[in-house]
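Structures incoming, each one as C-alpha cells.
Consider the two complexes below, in which subunit A is the common component and subunit B and subunit C are the respective partners.
On to the complex of A and B.
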C-alpha cells in the first residue's frame, strides 16, 4: 500500500492505493486518525484500492466514529469495486457517506 | 490430513507481510479450478482472515511462528486447512460481532463465516497447535 495526503477545498484527502491488509493497516489508521486529530474534515479515497481486509475496514469504522465524536465530516471517495464488495459484505456501504469524487461531494453543497 | 494430495500446500511465517503472496496463490488456484469470480473472492477473503486470526490471536504477533495452508478438492467441494503451532486458543471466544454493532474489529470471523459453507476450529491431537478447517462448494 502507498498513500498520499493532500488538502483540497477544505478537506484532507487520504488517497490509499494497493492492498490494505494487516501489514499496512496500522499506517492507514494513523493517517486517518492524525488527520481527524488535527481537526480536518477527512475524505478517504479508495479508488486505487485493490484489496481491503477486516483490519482495513476497522480503520474506516474507527475514522467514522472519531469524526462523529469531533463533529467532523468523514466520508469515502471513488470506492473501487474490490473495496465496495467488502464494505457491502460488512453492510457498511449504507453507513459511510460515499461520494464518486471530490467534485461530486462539493456539488452537494449546492 | 497429509500434504501429499493437496492442490496447494504452503508453509509460511506468521508475518502480515506474507499475506499478499498467500492471497495471490489462493487466487491463482481458485481461478485454475474454474471457480466463479465470487467464489475466488470468497476463498481469498476466508484464507486471509483466518491467517490474520492466527497471526493476531494464536501467535499474538510473534512472527517466528509458522502457518501451514493446505487446499484439497473433493468433488464439488474445496477443503481449506490452516494449521498453526501456537498454544491452544480458546475457540469459544471466536465469535463474529453482530453487524448492527458499529465498532472497529470483530469483522474477521464474520467475513469467514460469510465466505465459506462450513468452518470448524480445533486443537491438534498430536502436538501443540490449532487448526481451522473450512469447506466451500464450487461450480
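On to the complex of A and C.
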C-alpha cells in the first residue's frame, strides 16, 4: 500500500492505494486518526484499493466513530469494487457516507 | 504448477495404527473454488482434513497447501501458512472460558500486533458477517448449536484466510439454520473469492454450495467431479450413497418391507 494526503476544498483527502492488509493497516490507521486529530473533515479515497482486510475496514469504522465524536465529517470516495464487496459483506455500505468522487461530494453541498 | 491450485492432494495414504484410513486419495482445489468432500460417517473425511492441515503425518503421498509442500515445510513455513488458513472444526472448539467476542479476537491477538480497538472492531465485524452481531459478550455455553457453528466460522475468518476449511457445518442443525450457513459459505466465496473446502454428509447442502464434489468411501475416492457429474454418475455405489440419503421415500414398497424385516431372514 502507498498513501497520499492532500487538502482540497476544506477536506483532508487520504488516498489509499494497493493492498491494505496487516502489514500496512496500522500506517493507514495513523493517517486517518492524525487527520481527524488535527480537526479536519476527512475523506478516504478507496478508488485505488485492490484488497482490504478486516483490520483495514476496522480502521475506517474507528475513523468514522472518532469523527462523529468530534463532529467532523468523514466519508469514503470512489470505493473500488474490491473494497465495496468487503464493506457490503458486513453491511457497512449502508453505514458510511460514500461518494463517487470529491466533486460528487461537493455537489451535495452539505 | 503448484500456483495453479490452492490445494493439491496427491496419492495420500494414511493409517491410524495399522488400520488404513485413507487409500491413494488425490484431489485438487482451484483458487476461489468451493470443494465439498462427502462420504458416510467413518469414511475418512475428518482424517483427510487433519492431513490437509498438517495435524497428522502422512504415510505416503504429498499435500500442497497454497503452494507449500507441508511434509517438507519448516516449522516457520507452517506457522506462516496457518495465518492464511481458517478452520471451523466439527465440534466448534470455542474456548468456554472466553466470551464469543474474545474467542473470535483470539487469533488476531496471537498472530498480530494490531491495536486493541482494531482487534475488537475486527472481531465484531466477523460476528456481523455470520449474523451474530451483538452476541459478542455471551459465552459459548449460552449459544445454540447453530450459533456455535457460526461463532466458530467467525473465528475461522478472523485472520481473513485465503483458504477456509469447514468440517460438517450442518451436522446437528435444523434445515433452516443449515441452509443459512450454506448461503453464508456462498457469500464468502462470492465476495471475498475465498477458496473453501467443506466436509459434509448432507447431500442437499453439497449440491447447493459445491463447484466440485469428492466422494469418499472407506478411505478411497469413489468419484470426484462437478455437481452434475456426481449427480449423474452411473457408478452404483455413488447412486447408493446419494439415493439412500436424498430420496429415502423413493424406496419401493417391497424394498421398504424388506428393510424392515431383513432380520427375519438373517435370524
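The rule we apply is simple: the second predicted complex is superposed on the first by the 109 of 110 C-alpha atoms of A that agree within 3 Å, B and C clash if a C-alpha of one lies under 4 Å from a C-alpha of the other, contacts with A are read in each partner's own complex, and residues count from 1 in each chain.
Convention: a residue touches a chain if its C-beta (ideal position, glycine included) is under 8 Å from a C-beta of that chain, and two chains touch if they have at least 3 such contacts.
Being a predicted model, the structure only gives us computed values, none of them experimental.
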Touching partner for A:107 - first (subunit B), second (subunit C), both, neither: neither
Who does A:2 touch here: subunit B (first), subunit C (second), both, or neither? neither
Could you tell me if A:95 is touching subunit B, subunit C, both of them or neither one (first, second, both, neither)? first
Go through the superposed model and pick first if A:85 touches only subunit B, second if only subunit C, both, or neither. both
Give one of first, second, both or neither to describe whether A:19 is in contact with subunit B, with subunit C, with both, or with none. first
What is the contact status of A:38 with respect to subunit B (first) and subunit C (second): first, second, both, or neither? neither
If you lay the two complexes on top of each other, which residues of subunit A touch subunit B in one and subunit C in the other? 21-22, 53-55, 57-59, 61-62, 85-86, 89-91
Contacting residues of subunit B [partner subunit A, same complex]: 16-17, 19-20, 23, 41, 44-45, 48-49, 52, 55-56, 99, 102-105, 107-108, 110-111, 114
Spell out the part of subunit C that touches subunit A in their complex, as residue ranges. 108, 112-115, 117-118, 121-122, 125-126, 128-129, 158, 160, 187-188, 191-192
So in the complex, the part of subunit A that touches subunit C is made up of which residues? 21-22, 25-26, 29, 53-55, 57-59, 61-62, 85-86, 88-92
Where on subunit A does subunit B make contact in their complex? 19, 21-23, 51, 53-55, 57-59, 61-62, 64-65, 85-86, 89-91, 95
